[in-house]
Amino acid sequence: MFESEVQIRVRYAETDQMGYVYYGNYAAYYEVTRTEVFRRLGINYKEMEAAGTMMPVLELKCKYIRPAKYDDMLTIKLFVKHKPKGSRILFEYEVYNEEKMLLNVGETTMVFVDMKTGRPKAVPEFIHEKLDPYFTA
Amino acid sequence: MFESEVQIRVRYAETDQMGYVYYGNYAAYYEVTRTEVFRRLGINYKEMEAAGTMMPVLELKCKYIRPAKYDDMLTIKLFVKHKPKGSRILFEYEVYNEEKMLLNVGETTMVFVDMKTGRPKAVPEFIHEKLDPYFTA
Amino acid sequence: MFESEVQIRVRYAETDQMGYVYYGNYAAYYEVTRTEVFRRLGINYKEMEAAGTMMPVLELKCKYIRPAKYDDMLTIKLFVKHKPKGSRILFEYEVYNEEKMLLNVGETTMVFVDMKTGRPKAVPEFIHEKLDPYFTA
Amino acid sequence: MFESEVQIRVRYAETDQMGYVYYGNYAAYYEVTRTEVFRRLGINYKEMEAAGTMMPVLELKCKYIRPAKYDDMLTIKLFVKHKPKGSRILFEYEVYNEEKMLLNVGETTMVFVDMKTGRPKAVPEFIHEKLDPYFTA
């Protein structure tokens, strides 16, 4: 299994009148987490897209357990629990506050797409190189 | 089954550099749809919250089938397929573009919460009055 | 002078924990207003961009007079007070609530840009055709 | 003069279909900058609000010089050029990319408000204590 984590401070802009982070904003937290974790692995998403491969989201799931609040320093854990195969990759997320309380869990299924053809393509070799070692027994 | 629909025009602000609606923005489309459909049923969410009952989201699911694009006039269908019971209600959504192509499906599970105690409470009687007729055989 | 107006309902997503519309969200209200008013004039911004002319914002000003709140039906008045010349156009906005109270005033200076060269270009002829009649004595 | 700076990485969510940061998103960058700079000064905005003083924005100005792009690591400089007096404080901002190119300049005028009365109040003493030393000759 691959696991990493990123910290994100809740912005005022992200709260709603309930005083909580608006439920649609977790998607952006997950996105930032993916990008930063990829960067640590030596994968630059921006360059990947510039080179013609994009990675749109096929499916999003989110469970809201406790509210995140303004100025909370969130820890977002990202997991890849299964070696990616075919053209898809599943990321799972857990969001914690500073008191290590679990606030939110989620997952996104991404698909690698060739931007020229608009068609799914196999998980790129450089992704396998970075991630596969975490799955070898 | 209860069914209704709402139209929402895609804003420039909601697109991302792929040229598509950012995947996190569908949550707001679902929210607008819920509010407008409630209004038609004679339920004002703002007043309900002012009267001490809020309806936070417990769970969100989203499947992205085709991209929505800037200036698309989306039709968002909302379904309540099961008579609400206990303290929860499940809304299902289908998002279509002007060519009646299905772009996105989703669901949100909401819970009624007493804002004084912060605890779940039964689906309010005035919600039952409005929705239950759609489920009587 | 050219004047038109658009109505926008405040979304829950747009509020913040003060219970007001977050100050950064008026920019999107102005954008929606521009797009809708252009549409009424027979100018489709999406098609204009597809045809190679974009209209980025050079300058934004916003004064916050009274807060807009969740579910408010805002009326946003758009004014073009001076006949556009050169490559720029100035839009002015006034935001009112249902009680006709003035909540916000703003302005955006836009520039027409040739997307191939990335350089400013003169206000297109079809814009002049639509707007100039409002300025003839 | 008081001066400080904060770094913010551009999120995918913040881009639009032009491939640039959407013009309304700078307001949130300014907000994050204010909060982080205040924190360094020993002023916690969240606690200030919890203690009954809020600081809404009266006026926003933004000039867009060059576009910020996805994944850019922005440096946002914040300046307080004049010793705050009365109930207001003026923040000025400059946004730079990694190549030290100036992308955006802006300013926000904030007012201190007593949340019980909803009325403006003098700049709090603890703000003066932190900021005034930067203005003594």
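We just call them A, B, C and D in the order they show up, numbering each chain from 1.
As a convention for this text, a residue touches a chain if its C-beta (ideal position, glycine included) is under 8 Å from a C-beta of that chain, and two chains touch if they have at least 3 such contacts.
Note that the structure is a prediction, hence the values are computed from the model and not measured.
As for how the two copies chain B and chain D face one another, over half of their interface residue numbers coincide. Our note on geometry: chain A versus chain D, Cα centroid distance of 28 Å, whole angstroms. Mean C-alpha position of chain A lies 35 Å from that of chain C.
Multi-chain contact residues, meaning those touching two or more other chains, occur in chain A at positions 12-13, 18, 20, 22, 24, 27-28, 31, 70. Taken as a graph of touching chains, this assembly is complete, with every chain in contact with every other.
Taken together, the chain B residues at the contact with chain C in this complex read 9, 11-13, 27-28, 31-32, 35, 44-46, 70-71. Those residues of chain B lying in contact with chain A across their complex are 18, 20, 22-28, 31, 54, 56-64, 67. By the touch criterion stated above, chain A contacts chain C in their complex at residues 12-13, 15-20, 22, 24, 70.
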